[in-house]
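Got a structure for you, written out below as structure tokens; questions coming shortly.
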Amino acid sequence: MSARLEAALHAGRLELVASPHLKGPQSTVRIMWTVVATLVPVVAMAAWSFGLSALLVIAAATLGAVGTERLFGQGGSLADGSAALTGLLLGLTLPAGVPLWMALLGGAFGIGFGKLLFGGLGQNVFNPALVGRAFLQAAFPIALTTWPIPGQGWSRWAGDTFALPLLSGGADAVTGATPLGLMKFEEVSTPFRELFLGTTGGSLGETSALLILLGGAYLAYRNYLNWRIPVSILAVVAGLSSAIHAVDPAGFPGAPFMLFSGGLMLGAVYMATDMVTSPVTNAGAWLYGAGIGALVVLIRLWGGLPEGVMYAILLMNALVPFIDRATQPRVFGTGRRAAT
Amino acid sequence: MSASLPTVSGTPEAPRAAEEGRVPVVPHTSSPRLVATLAVAGAIAGLVLVLVHQWTEPRILEHQARVLDEAVVEVLSGPSSTRTFFLVDGAFTAEPPAAADTASADRVYVGFDAGGAPVGVALAAAEPGFQDVIRLIFGYDPAGGAVLGMKVLESKETPGLGDKIEKDSSFVAEFRGVVAPLLGVKQGAGSGGDDEIDMITGATISSRAIIDIINHRLEAVEADVQALWRSAPAAPSMAGGLP
Amino acid sequence: MGELLWIFVSAMLVNNFTLVLFLGLCPFLGVSAKVGTAVRMGAANVFVLVITSLTASFLNAFVLVHAPYLRLISFIVVIASLVQIVEMAIKKLSPTLFRELGIFLPLITTNCAILGLAIFQTNRGYGALEGLFFALGAGAGLTLALSLMASIRERVELSDVPAVARNMGLVLVLAGTLSLAFMGFAGLFTS
Amino acid sequence: MSPRVTTPSEDFLRGVWRENPVLVQLLGLCPALAVTNTVANSLAMGIATFFVLTGSSLLVSLLKSWIPKEVRISAYILIIATFVTMADMLLAALVPDIHKALGAFIALIVVNCMILGRQEAFASKRPVGRALLDAFGTGLGFIVALFMMGTVREVLGNGSFLGVPLFGDAFEPWIIMILPPGGFFTLGLLLLVFAWWEERKDVPVHPRHWPHGVTVTVDAGGPGGSPAGAGVNAPRSD
Amino acid sequence: MITLLDGWLKGGFRHGVHPPDHKEATASHPIRRMPFPDEIVLPLRQHAGAPARLLVQPGQRVERGDKVGEAQGYVSVPIHASASGTVTGVDWWPHPDGSQAEAVRIAVDPHSAQIPRPRLVPRWDDLNPDQVRDAVKDAGVVGLGGAAFPTHVKLKPPEGMAVETLLVNGAECEPYLTSDHRVMLEHPERVHFGIRIMMQCLGTSRAVIGVERNKPDAVARLRATIPDDLDIEVIALRVKYPQGAEKMLIKAVTGREVPSGKLPIHVGTVVQNVGSIAAIAEIFETGYPLIERIVTVSGPGVVRPSNLLVPVGTKLRDVLAFCGGLTPDAREVLMGGPMMGAPQGDLDAPVLKGTSGIVVLTAAEAKPTRVHPCISCGHCLDACPVFLNPSLLGKEAQAGRYGDMVEHHLMDCMLCGSCSYVCPSNIPLSQMFALAKGAVRREQQRAKEAAAADGPGGGKAA
């Protein structure tokens, strides 16, 4: 045997790794960063609609999330992209004119109390971005429901962007209303085309249904989100609101309005599908989505708030452990479920 | 709380332990003695409470009456005297028959000016708001059909937002002289009608609840109040607060 | 009917006893480690709450109009004894039911949700029927909060919770987040 | 469990800090969360509870040899309820505004198991002086905890302390802090800080039945026996 | 509805994964005989069940095909010398499973013609089933698919259980491996002959050969050569891992699920690897015992991928050297396929009867080592062919809750590795399950022994 061959057969550099020795194409890090990437058009749209304030608000929320993860998270956990995604999503749920310090605080709270306290990525029960959003909503209800009018130009600073920490802005912003607010409190409906393209008032990321649907479709195609969740949410919202609209057309809006107004698209595609906080089983995904859809309709039509997507998702997040227990797959060769 | 107390009810074991723990392990005391002890303790407790009650009750009642009186005076813009009318058998009367249950009967408070002429009726009402039941009192002029003033007595609306229904003086001021039934409009979006109330931005549900409470209340007793008004109620014989 | 529905929904969701009014925190924090236990605890709570509501209605209507200062004492004494009697009756009549629910009963009697129900019901001037719906709503809300918390904690038990959060800190934050989520129900069925 | 001999100062100080009823033993959480949205309410609730606790402890300690074991819990509750009713009526007569703000939670002092716990664990076994010291300490600890909660919540939630504005008009209040979730979060935060502090001191954190469901007893009764022994049937609540 | 589903499922099972199969590297390489190496190492433990009992002493001369170890008990088979030579020692030697095992070392006689002793070829059609089974056992035949379960055991269905269908496993779902493929392609008549013998032995009249659709030439060859007198069906299965697992194959072919903890015979089937079938046929064609087997040597880390006929006991080193050695970036040498194969740290370990392939991976294929937390994506649930919840099991494994894992059907896990393959966080799920299963088995064994030690009646309390 030649020396070359002997060298080539030397066992010293062989790795001993447990099977399987092949690895599928999916990677947690890639999933997170891809989701971030599909949000770029949505962010761009927000900037186009609401001006540079939009970018600053999103940046502040992201900084809050990433900074908290860096300070209190496990070493290297920033690289998985989940904290950045949380911050980005939180930013997209905020109005353009919210003071930057609030966005930062929301990001920090969401990551700190919504994620790190549970042990970090994968362990949390509630969607951290929505925990941050719900905290801000409860803490600063007025700032969080002050909606600058979109389409006022690129370089406009909206509202209270530069308010000093802990202080309110006090700027007299030109404010508009969201389509849902108009519907709930003034019984004015918004044309469908505006809803679909996103030229209406609202949170930074909730206005363009089109871009969100495109991003979601790509993620579903790559299996980076469970398509059953958005499909069941949207189907239940459409079905319930159509039925209610049929009974009382004057009192309740129809399905197109319900689907394309408010944060439903962003919530259904990007928030409810957060893998960590949604059911692990497919049957559970259907139930979970249906529950979110039903709660959204309940809160929007009969609740005190114009919008209920955030609360619907948080409430169903709380039910996920329950749903997971109830929908375990039936184990091969048994009549029984994997977990009881 | 029991996070720290060992007998907490949580695990099935704990109650079982509790079960066993109930078996008396201490020297037995005779039943009459037990009953007697508790009876004596109860009697002493009752006695103490009656004493404290007798001392505090007049003060508490006085305070309650004062609060109500102040509210009535506020929503009727300072009448010189007021008088309570009870709804008995479909009509308001100042002195209900002895048999009537005045404790739970519906009532209104009529305010009179210095000359003894009635200036308006104050009505209390309550309905669910955003968070919980809102209780309020408002003054009403049956002749002109106008609300004279409104004061929230109790609410749990969101601090800083919904609680503006009682803390926002411009909102409260809107209820002076507005014609019923009231109509809530978005701030600045009204047509200037004399039945319009500008709702609070961001607290639409709470604002609307106030308007609804007043409208519903008036709807329910309007006829009886008009009847009372037509009967030209008399001022109390001596000026003063509510009975 | 609408008012009864509102009383029920309000007690269960909008003003949830545990998550908004902080009543019944004892089982919520101490007991909610297993879903099965939590659900049975909730059921036992519903049971005691209904008894309490009926008792309070009776006491309010016939006894306490004459001696309001004895309210607290009579609530406590009468409810505790009544539950004790019912417990003994169940033990005799249905040992199965007793095993399922009965063991919780003595621990619930002086739970502050029970006394809270009696007092709130009195303060709001609810009659017997309204009180019953109030009790059912409160019980449903307690059961919901308990079982949600329990299922979440079963999941969190498998997590790598940081040491500082194990000292009930995480449980309180969880409760806070649930309470935050329940804010979504505010204003339900009022407009 | 053989009673360890304690000094009077130990009896007093224990409840104030090291075995703080709220922050360490997690007792009396219902009022600690429900009424601490302002400092004034917190103090009022703290003082009312202090009053009930000391009154009950005094009486229980005085009567301890006359109260038969079988009915002692009922007797304690009767005593506590009497004091609570007195407190309720006195507050209503003297400070009606605070009484209105605290609402039903004054009556609920009855089911604050901290109070019953002290009777069962301490007052019923000790001389009057020690019982009073213990009640003072525990009551003070309760006031301290409620005061801390109330301070955090009012300062952040309203920008004021005891109603006095601290930051001027431009301050943006964190309304959540005076809402129910804020109560949970504030207490959660305090517990986190406490745990972090304990950890930093390298003292093991109080054992609790977390995360594995194993209940570990913390001697709530302190020296002299925990409620585990005699008081298994003791009613508790928040 | 059920039948509709079954129709849709025909030729497949639910879940599973689709790793790239890489069969093209060797699928077209005909089987070549590898020259005899200088030394043969025959571990006495090569099959499931009791190891063989040593029959030879150092210094003893053995001829090719002679027994060096005898079966020890019913679930055991003998081991035969795969080359003529001299026994140089019986030593502890690296075993492909990573441990050391007692092995017979034979210095191959370079001057020998390596022609086995002449043997009587039994006329199979004169033998009753018991005699067939004895012959199979005596020839040391085990399942060649990897599990190495003694074949004769499978040939005897338990009392009162009838075999409806003989299922021949030609799925070969592991990536890279093509040894079964080549057997079906090059020796279809041997496969059919083996089926004939087994059908007679099992008393069944129906056989089905399941082959994945990525081997169309094998399907065609087998179909074309079916003897007229036999009821043999060749089914082309959808390509999916782990199609070759017994229970999956049965589900795919018959639509029936083998009950948890039960054997294929409970649904009236016996599954036999196509290589083992060919080996049985060979016994009755040539009289030779199982002393050599077809091994696929493949993977990007091998210079010349090949399908080789290798004497059992040949060291990996020699096999790889014959294939041109390893490339400089070779990182992992696997015995078996890349999904379930065992990594080799010592190339002195020999090829065993159950070795279907040697796959060498380079750094490019090796999976990343950084493990991220489980994000509950649920991909593992979609992959698990037995419908477990690997996500939950993994968390329980991490918390050391083996009891909960058993409740959640850990023991139904067949360690196919599908969950680990799809896991985006690189969590070594199947490794954790293997450890847990081992721990649970040991615990059960200990409990059983403790119960036995207590004596009859005394063990009740435990």
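Chains: A, B, C, D and E, in written order; residue numbering restarts at 1 for each.
Here is the rule we use: contacts are C-beta pairs under 8 Å (C-beta built on N, C-alpha and C of every residue); 3 or more make two chains touch, one makes a residue touch a chain.
Worth saying up front: this structure is predicted, and the values here are computed from it rather than measured.
In terms of the stated touch criterion, the partners common to chain C and chain E are A, listed by label.
Pairs B-C and B-D differ in how many C-beta pairs touch across them, and the larger number is found at B-D.
For chain A, the chain whose average C-alpha position is most distant is E. Centre-to-centre, using mean CA coordinates, chain C is 21 Å away from chain D. Mean C-alpha positions place chain B and chain E at a centre distance of 82 Å. With centres set at the average Cα position, the gap from chain A to chain B is 43 Å. Chain A and chain C have Cα centroids lying 34 Å from one another.
In chain A, the residues that reach two or more other chains under the touch definition are 113, 117, 120, 123, 135, 138, 141, 304, 324.
With touch defined as above, residues shared between interfaces to two or more other chains in chain B number as follows: 1-3, 5, 8, 10-11, 14, 18, 22, 45, 49, 52-53, 130, 158, 160-161, 205.
Counting partner chains per residue, chain E has no residue touching two or more of them.
Every pair of chains meeting the contact definition is listed here: A-B, A-C, A-D, A-E, B-C, B-D, C-D, C-E.
On the side of chain A, the complex with chain B involves touching residues 141-142, 145, 184-186, 304. For chain C in complex with chain A, the residues that touch the partner chain are 35, 147-148, 151-152, 154-156, 159-162, 165, 169-170, 173-174, 176-178, 180-191.
Within the complex formed with chain B, the chain D residues making contact are 24-29, 66-71, 74-75, 78-79, 81-82, 85-86, 89-90, 92-94, 96, 113, 117, 157-158, 173, 175, 178-179, 206, 208-209, 213, 215, 217-218, 220, 226-228, 231-234, 236-238. Within the complex formed with chain A, the residues of chain E that make contact are 17, 19-20, 98, 175, 247, 251, 257-262, 303, 317, 320-321, 324-328, 330-334, 338-347, 359, 361, 365-369, 372-379, 381-382, 384-389, 391-392, 407-409, 412, 417-418, 420-426, 428, 430-431, 434. Taken in their complex, chain D has these residues touching chain C: 26, 29-30, 33-34, 74, 77-78, 81-82, 84-85, 88-89, 103-104, 107-108, 110-113, 176, 179-185, 187-189, 191-192, 194-196, 199, 205-206, 208-213, 233, 235-238.
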